[in-house]
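Structure provided below as structure tokens; questions to follow.
Chain lettering (A, B, C and D) follows the sequence in which the chains are written, and residue indices restart at 1 in each chain.
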Amino acid sequence: MSSVPSVAVLGAAGYAGAIAAALVHRHPELELAHVTARADAGRRLADVHPRSRVPLTLEDFDPDRHGTVDAALVAYPHGASAPVVAALRDRGVKVVDLSADFRLRDRPTYDAWYGEHRAPAHFGTGVYGLPELHREAIAGAELVANPGCYPTAALLGLAPLARAGELADVVIDAKSGVSGAGRGATETTHFVSADENVLPYKVGAHRHTPEIEQELGRLGAELRITFTPHLVPLAQGELVSAYVTPSSAVDADGLRALYAEAYAAEPWVEVVDGPPGVLEVRDTNFCRISVHADPRSHRIIVFAAIDNLWKGAASQAVQNLNLMLGLPESAGLA
Amino acid sequence: MSSVPSVAVLGAAGYAGAIAAALVHRHPELELAHVTARADAGRRLADVHPRSRVPLTLEDFDPDRHGTVDAALVAYPHGASAPVVAALRDRGVKVVDLSADFRLRDRPTYDAWYGEHRAPAHFGTGVYGLPELHREAIAGAELVANPGCYPTAALLGLAPLARAGELADVVIDAKSGVSGAGRGATETTHFVSADENVLPYKVGAHRHTPEIEQELGRLGAELRITFTPHLVPLAQGELVSAYVTPSSAVDADGLRALYAEAYAAEPWVEVVDGPPGVLEVRDTNFCRISVHADPRSHRIIVFAAIDNLWKGAASQAVQNLNLMLGLPESAGLA
Amino acid sequence: MSSVPSVAVLGAAGYAGAIAAALVHRHPELELAHVTARADAGRRLADVHPRSRVPLTLEDFDPDRHGTVDAALVAYPHGASAPVVAALRDRGVKVVDLSADFRLRDRPTYDAWYGEHRAPAHFGTGVYGLPELHREAIAGAELVANPGCYPTAALLGLAPLARAGELADVVIDAKSGVSGAGRGATETTHFVSADENVLPYKVGAHRHTPEIEQELGRLGAELRITFTPHLVPLAQGELVSAYVTPSSAVDADGLRALYAEAYAAEPWVEVVDGPPGVLEVRDTNFCRISVHADPRSHRIIVFAAIDNLWKGAASQAVQNLNLMLGLPESAGLA
Amino acid sequence: MSSVPSVAVLGAAGYAGAIAAALVHRHPELELAHVTARADAGRRLADVHPRSRVPLTLEDFDPDRHGTVDAALVAYPHGASAPVVAALRDRGVKVVDLSADFRLRDRPTYDAWYGEHRAPAHFGTGVYGLPELHREAIAGAELVANPGCYPTAALLGLAPLARAGELADVVIDAKSGVSGAGRGATETTHFVSADENVLPYKVGAHRHTPEIEQELGRLGAELRITFTPHLVPLAQGELVSAYVTPSSAVDADGLRALYAEAYAAEPWVEVVDGPPGVLEVRDTNFCRISVHADPRSHRIIVFAAIDNLWKGAASQAVQNLNLMLGLPESAGLA
């Protein structure tokens, strides 16, 4: 009998799911038992995503067959995820859900942004899976709602200011690589459309907005944010540029000390002096943050760079899974 | 009464068609009368392709409505083009067809590579539209078959050697930007698939192979070529690298003289010393060629760079149209 | 005797200078008389920048030889430009200067951001060359200071709000292609550094900041802006995303009407509904603008997209030159 | 006393050197003792190359200080490497040299292609470090000459045919990402030059030519090859497309069987059916190979894809080091 927990990765044919499956497959203390997909069932994952080098064959999800694992990472789209998570939870499987279905705490807000929830009995039972903010709750959770990519970078970048009561107002301008738009082949994701282009999208209407506001509120900063994502011509990588109006006059030294202290013990957050480039965190679980005072305009500028598919999705899911299973938090992520 | 010929561009929602429409729209001696599309009818071309800045609305093709123009550029896919061209020709419209439907002269060869021809009465009535090789015939033609992008670069690169009887054998290794794969959103054209990648495709099976062989044969070089295209991560641009086994020992000076003389009078072929980069001909009708002797292996190496959507499609179509209509060959192309 | 004005382009080996030279060379009502460069003198411009296809040879600047033209476009770096412009002006040559040396009106501000001015006798004699704001003054000017790329996009994007008294506060987050960093080969401009990266730079310290503030002030909006540029992996293109706190409650319809009216007669400003991508204006003199109300945060969001080397530099310089010489404003730009 | 071998990485500020240092740093059975650089001494490696996350400080090379390690990876340029390797070897340090200085076996050939050798006493003492061809010799070597990136892909792709006596003639057309041109900032490596471009270089004159010929000769194929590299717009990745004239008629099934058998036991060579894209091996030690018969032209086409900085340099060096030190060949590479 093996003492290594068995894990299923559902939705492993998507970009984040494939990386999650590869991380579990190579993880020294986990066993990848199953991979599922909605459209590519029957194909080997290593054929769909050669870089994953996962030799398992994608299957249609079957709750009886796949519900026997110890834990599951679910990377289905919003809406499609909820009933699958419910089926797994009903069988006692620990779940990290990468969709938005269990991130929000207010049901009307969820329904307004995503449509009617498809597993209402489980709504609100998840722990918000940002380990740097909720490590203990995650460790005791049965269901973790893995944060969205933009919220991950935005919250890590703004949490020290929010906790310090300095977040009077904020504009978040975000830039993301094309993998953030998913594996679906569309006019937007066509190489000829995205190459040599920069394109704002979902202006004033991106679904990560209420998620960021909810979590900032829990940190003490109740406010309406302005959040605008832009598509930039690279595959993976995400930068959040946050322009903060502080509640009081804060100087550069104080800011640096605030951030250095906030993340001194965090293995996956790097506070750096200069502004970080997204390439510096490519294919890693790191979030790189710099904070700057702008004495001319009395604003604070914060940059937070992550890999949208890693810390923004797959590797953060594994980080959460490690916590839930009592494993070293960074196991399988280095 | 206007003395300016009226032109319809069919298939203007595709990459090549949109550029063809824009070139005709800005052409000082042509009037763009209609633009058609199979899937985007009802949309303004300038909305589908902002860079075209063509204010006309795309329509479904109607032979009675659109068959009253003086000339048409047809940019429909292979197979779909033949019946449309037939309808236009039956109404006396001069046509430049950008598909492969009228390029080949041997019916069994066409059928073997493309399937049964859909306008057999017109098969073989087109003139092969490479102005540098067939200028006079084009000027007198009613139907011109615009060459494929790879044949354009390959034939311009190899014609001087073929005519000189020096083309004993050739390997053609070609690299093309992603626009060559068309506007269809597929796994191959997804940014995340093409970015940071180089991918050979249709190995030993690309449909431009018989077209290149046919035209080399007309130049006196009857041979079976090896032709392999590769997808590279750029939007537009195509490089043909041709490795020639010559019939006799040719020295570098003789080669340079042969090419300089061959293209001395050509406005759109530039013979250069160093190997050309595809960026040098981006968004132009130019073909840049360099020729090199490799004394170690006794091979001749020829590079030919074009923009696959311009000299490889749209601008060459306008060059042909100019010839057919008795206009200055370079009108509207500078 | 020719009635076509003769033009010299100084600094034609740089990215903007080469495009300026090519535009003048192809201009139907101008003659390109000379091209100069500081480092590449002796080389043909077409060899340094093949896409320019300008057959002239770059020369060292000689005020006596080159000061006989009717007009000059000067594309030297800040600091290096001032004495050259002075030499040309002293010989009566009309000048469009692409550097920052004559943009600012306050000498201490110039000195603080750029160092001591090198032609103080001429400081303040230039007209700020944004035709959409200062068309008449440009038409009567002997010296025009061509705006910086970021100010061009920012001011065109914000002018309607500034004039309407609605610009209470603004955060400007800008994204630029790598050509904006100039032709110098550095660690930052190395392909491997810029590829797949997004990198903020000169945080709180970019020299275009006082230029934007000066011109907003002339439009009635005296304020300190927050301005942060980011390097994105593309060659040409620039997007300004401006987050405006308005003075009053403005609704979406009113905003659209404000912008539509402001630019109804402008040939090179396109007001569009959706957010513009920079690819839509590549290689053109166009600025594309969209304006959005964000009812949640009560902010106004404005996007302005230009090609940093065209409307942000070279083609705007030609637009200015046309005005100064009494030519049609759009001559040579279509 | 530690039983873990200590390793110095010389030239760790270059692209390959930095990856080599990171691989050694994370290696479970090696200790990274020193990193040196010629130009960046005094900086932390993690600051020069953030992705390396190696906290050591780069030093000037000092044979007395750095010659006490058990082994060294030397990533200095050709010519600069030889005397450093000699100094290390004279102190008994096992060396994997990533330069070309010890790859060639014929001194006049070396001098003709690289200039006079700078450590002639050591010339010819190295073992050619392609583990798939020379595993046993490498395991017993004190000095291993790590192959060039192009020879690695070309030889792995052609070895089965060479051994089978089927390599009558070959044209090698190679495509490489820009990191292959090194970290030096030049006009060629400038983003604006390389982006959207494909550029052949060193036509008929690339220094990897004699290295490929030497090793093919050792496999039984004495011939002069045609070899042409091309720069393509991506950071890392290399594809060799080899066009082989076989000695006899070989069918597709026989070819596949030949390759499958040749590499059945190799952990880092993957024989695949379809042509491999370079993205499939990015950031790995894998070489992916496909082989195709072209019945029309009677040629064999072989594709071999590697990451030029990994299997083409750094990770292959670690693979060699593992063999030399008696460690598991794949330790630290997964």
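Here is the rule we go by: contacts are C-beta pairs under 8 Å (C-beta built on N, C-alpha and C of every residue); 3 or more make two chains touch, one makes a residue touch a chain.
Predicted, not measured: the structure shown is a model, and the values here were computed from it.
Should one ask which of C-D and A-D has more C-beta pairs in contact, the pair is C-D. For chain C, the chain whose average C-alpha position is most distant is D. Rounded to whole angstrom, the centroid-to-centroid distance between chain C and chain D, based on C-alpha atoms, equals 46 Å. With each centre defined as the average position of its C-alpha atoms, the distance from chain A to chain C rounds to 39 Å.
Chain A and chain D have CA centres that are 37 Å apart.
Shown for chain D are the residues in touch with two or more other chains, namely 193, 195-196, 233-235, 277, 279, 282.
Residues of chain A that touch chain D in their complex: 26, 50-51, 195-196, 277, 279-280, 282-284, 288, 334.
Note for the complex: chain C touches chain D at residues 15, 178-179, 183, 185-187, 189-196, 233-235.
Those residues of chain C that touch chain A in the complex are listed here as 171, 173, 175, 177, 193, 195-201, 203-204, 209, 224-226, 228, 230, 232-237, 239, 241, 243, 275, 277-279, 282, 292-299, 301, 303, 305.
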